[in-house]
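Shared chain: chain A. Partners: chain B in the first complex, chain C in the second.
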Partner chain A sequence: MNDLAIPDFGREIAALLPFLIVAGGGLLVMVTDALVKTLRKDHLSYLVLLVLLSVIVVQTTSGTPEGPVLNGLLLLGNFSRFFTYLFVVIGVLTTIFATGIFDRDGNYRPEFYPLLLFAILGMMVLAAANDLLTVYLGLETMSLATYVLAGGVRGNAPSSEAGFKYLMLGGFSSAFFLMGVAFVYGACGGTGFDQIAAALHSGSAPMPFLTLGTGLMLVGFGFKVAMVPFHMWTPDVYDGAPAYVTGFMATAIKAAGFAILLRFVLLTEPMLAFAWYPVLTVLAVLTMSLGNIVALVQGNIKRMLAWSSIAHAGYLLLGIVAILAPALGGPEMMARAKGIVEEGGAALLFYLVGYALMNLAAFGIINVMGTEPGVDGDQISRYAGLSRRQPVAAATLAVAMLSLAGIPPMVGFMAKFYIFSVVVKAGLIPLAIIGVINSLISVYYYLRVIVVMYMHDTAEDSYQGTEWVSVAAAGLLAFLIIYLGVMPEAFHRGAEIVFRQISF
Partner chain B sequence: MNVGLPHFLTVGAILFALGLFAVMSRRNAIGILMGVELMLNASNINFVAFSRYVEHAVDGQIMAAFVIVLAAAEAAVALAIVLAMYRNFGTANADVVQSLKR
Partner chain C sequence: MTGDLIFILLALLTLVPAVWVVMSRNLVHAGFGLLFTLFGAAGLYAYMGADFIAVAQLMVYIGGVLVLVLFTVMMTHVPRSHGNHGYDRYVPASVFALLTFGVLYKTITSVNWSASTSPAEPTIARIGAQIMTDFIFPFEYVSLVLLAAMIGAALLTREERPAGPANAAKDTEVAP
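Coming up: the complex of A and B.
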């Protein structure tokens, strides 16, 4: 940010077009809702889908320029593009799920649409960030929109409680994060990732400031990705928020959080690998184990998936640990280092996509089955006999659960396989064993849902309503889960190419 | 006395600790919010101090300006959510609002 060059405006605007479309689209949807009185409420959703699809079209066709833009504030390329696709697809599915429920209940939340777009904008900025300033801006844009998404159901007490808890702990953690940014800035003499990398490679950054700052920033990252011990909010917020928002939070926010955590760990690796490695190893083991053990006793499917999402954050952390391992190993490790780092990165990206598919499929069905957030509509017992009442919904949820449990031939199995095989290649066999044991524990609580759906008799109070568009969209996701599970190779190779670009 | 970087960092640390204490000890939602604002302003002091004594440039000051704007946005969203919670629960005390623990 120090030597300001006169930018080439044509190139900058072409490069920023996806961001501008999402930001402008959000404003457009907001203004349309306020000014056009003759509009039927569900027409807003078509506008949102149009905005999101045009992002995909622009990004695929225009061959957007690569490299840093806005004087190095953002770094565009395969990595940011990959995450933009992921966020947009999650956004499209969330819009479909939400609109289906609004239609069915006749209870519209027009403010949902612009907030969704703004949250996606924040995530896109986060995945493309190349400066601590843009990291913070992206993080806050994403969070402020999601606080309201989670807490904005009018007259619903659980939803407002979820929004309140998310806001308080989110604001608290971002204050820690910001203090960390201040110390890293003080240590490196600049906020740009290039300046930080230069300061770290030359070894001129003072260690106390650097470790303190990075530690405080880890609190902020840990909160966003629901890492133990910063996970306390997860079950309550996932439970109280409406299911379509929960699905969005569980997939998109986790992906955005891991995107920036991965970039930051790789950035600070030259001087801090020795500190990241033990800390992240311990946190990964704690996160997996606690998530899986507490999920065993949950009777509410949203709370169960909240703890399961904590456990999955642990598996993802294992991938980061594997990437860090070569930097600390002996000479024979250094020879293999590049291979391990690349495979680890590809495994992480693959896992994030697979996790998004299976969680969205699950929350799509839960969304249809539930009535109102917090009302006892999400008890697993209410799914009894679903296979006979709604075979498609039950089959979709079953596929999602099997995939989350990591049973072949679903994508969840391949995702875990890639992560664990990188962990083994990095020589961390005990960690891989802990991961596999955790994965075995998790089979119990995922399969319980399937047992209830297929083997129990329909209970008296089970809910009869449905919503076909959502079930069809979730069914499509279930198909993708199996497809990517059977034929993961091409996609996995693509993820490796995407990752290669962000190595410093 | 020569005022230097350590003095500013000390003020920042004290302010941060006070904010942290407020967040931990307050029951009222507005009190918690005020604690968070204190913590944000503590980092602002650090940003400006580092920009004066370490970087000799304006990155830190730009950052502080952005933080002020975002803190205002966060306060607006936070007050709206606290108001919604007050309507539903009849209280703004964080320890009373515990309907989701089952």
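Coming up: the complex of A and C.
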């Protein structure tokens, strides 16, 4: 048992300030809604935006302490800070999209805001986790809040189905994950990442339990990031949930899942690279191919983007495979290993940010389009002729689609370029070819949306309203997509620095 | 000698209802059989000095899981099953059971038991101290997880608010 000495209290509080602001903000929003009777619908959203912006301000101005805090349960630094920024920005956009729509779809739920903040808190904990305990807690906070966000539209059968499906399957995946944690704990004698790393380096951990445990944990992670074969829930949940929630799930949860998957793979790499490598290679190929092929035949834009998000999980997995490859190569490979690992990590982080930008832009527009009660707003045919009635919305969606397809000069192209070039550098040329072929397949279904918007005649039941705040926010994202696509260098270098912290 | 007697009684308390659980055709009976089995297992833990696991067994399995099982069975009106119980399931079930038993047997026989003959220390106090020191963050953080779950449960299950004057004012006023 450790002694009861209190660690440097001020340092710990300063380090935890962003977490405390989000947690306290969630409670504040909840209590405000309950106590203040004269609240207008959009007031809570201003409060949420204030909370999230103050996280950004605090994190930017106060030099948050680096290194492990709370007895090594959390590891703070560039990596966690990077993801906090990402989650907070996604949260801001989700708040804007959701608030803009609550008036029109009549599904205003004040509980949305605290749950959104709790989900973000869980993701922040997940990205900063340095112990399997905190990994699990972050995972559960994030998941519990999102189950409700997805299923929270009362009296809407698809939403209820989405919430229920996500809850049941999420519960199963959590059980798998916990079983894996138990095995890894038993094999390594500790749940802390440091203890696990020490046990792996000394070689004292028994192999069967270790592989079994990490395999079970991979199921849990794979579910969260929608990796084949744990992707079954994705189309139904993405389709049934309100579009602003889907955008949040597709970007933030995927980023959080890959953040912790990346850390865990790097942690166990010294001993388990031989097992991770073939498994993740097969999963990456399956995930990319199945996602892209099934997306081809979708007539509903949310389902199409759900399958596309599965495909993108596959590209992201390729990045992890490239990071693992040097550990298995010969001595000639080891010489270049450091460079490949760093470039691979930077490519992954860059991809996550680019993916968040383009998906949020797309879902922002879909959210605005599909909110008339009683209309199945998510059919691609409803977007016919959008370019003439809503030129900004159409252009934004077009930019997002081009970027998702990986066409220059959008950020999606640069993101894929970085990933594939690392894969080639790691000597995995067949994998890179499979990735490029997949990317070509995907062009078809992304471009179809643009063709419908720009070349088809206006549909009868097409979108008439205006929601200029959401459209402007999505338009800003479209601008960022092009900006980062044209000038990715500075950001990519930044991502490399961020990654260096966790590549032990 | 008394110790052996206690052990035998506890083992019987665990095993006999376990057989009942498997053989019973009535789900409610099976549920109550499970209660005795789980209680016996808790008693075995306590007998070995594993006080925390014994308490956790009581609280989680009997207090939580089993009550949930019984509630579910009673509230969903599962018809009492008659006749053929599906004997074709016995083969995979027995294979699985035998495999599990094999793994357990292998594990039990491969452990060096001489290392742990000393009586186990009580662990609850140590766990409590750990929770309040090294693991204070997860302990406090769980409250937020539970809060999120509670908000969600309330949101999903509460009745639609009647359109009273107080609520109507709040609901009809829209943002610019």
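In the analysis below, the second predicted complex is superposed on the first by the 491 of 504 C-alpha atoms of A that agree within 3 Å, B and C clash if a C-alpha of one lies under 4 Å from a C-alpha of the other, contacts with A are read in each partner's own complex, and residues count from 1 in each chain.
Basically, a contact is a pair of C-beta atoms (placed from the backbone, for glycine too) under 8 Å apart; a residue touches a chain by one contact, two chains touch by 3 or more.
Only a predicted model underlies this, so the values are computations on that prediction, with no experimental measurement involved.
In the superposition on chain A, contact is made by A:182 with chain B only, not with chain C. In the superposed model, A:300 makes contact with chain B only, not with chain C. When the shared chain is aligned, chain B and chain C each come close enough to touch A:133. Once the two complexes are overlaid on the shared chain, A:240 sits against chain B while remaining clear of chain C. Look at A:156: by the touch rule set out above, it reaches chain B but stays clear of chain C.
Of the two partner chains placed by the overlay, neither chain B nor chain C lies in contact with A:443.
In the superposition on chain A, contact is made by A:40 with chain C only, not with chain B. By the touch criterion stated above, A:103 is placed in contact with chain C alone, chain B being left untouched. Residue contacts after overlaying the shared chain place A:147 against chain B and chain C alike. Shared interface residues of chain A, touching chain B in one complex and chain C in the other, are 1-2, 133, 137, 140, 144, 147-148, 151-152, 154-155, 163. On chain B, the positions that touch chain A within their shared complex are 12, 16, 19, 23, 29, 32-33, 36, 39-40, 42-43, 46-47, 49-50, 54-55, 57, 59-60, 62-63, 66-67, 70, 73-74, 77-78, 80-82, 84-85, 87-89, 94, 97-102. Of all residues in chain A, only 1-2, 132-133, 136-137, 140, 144, 147-148, 151-152, 154-158, 160-165, 167-168, 171-172, 175-176, 178-179, 181-183, 185-186, 189-192, 235-236, 239-240, 300, 374 touch chain B in the complex they form. Those residues of chain A that touch chain C in the complex are listed here as 1-2, 4, 23, 26-27, 30, 37, 39-42, 70-71, 73-74, 99, 102-103, 108-109, 111, 114-115, 118-119, 121-122, 125, 133-134, 137, 140-141, 144-145, 147-148, 151-152, 154-155, 163. By the touch criterion stated above, chain C contacts chain A in their complex at residues 126, 129-130, 133-138, 141-142, 144-145, 147-149, 151-152, 154-156, 160, 166, 170-171, 173-175.
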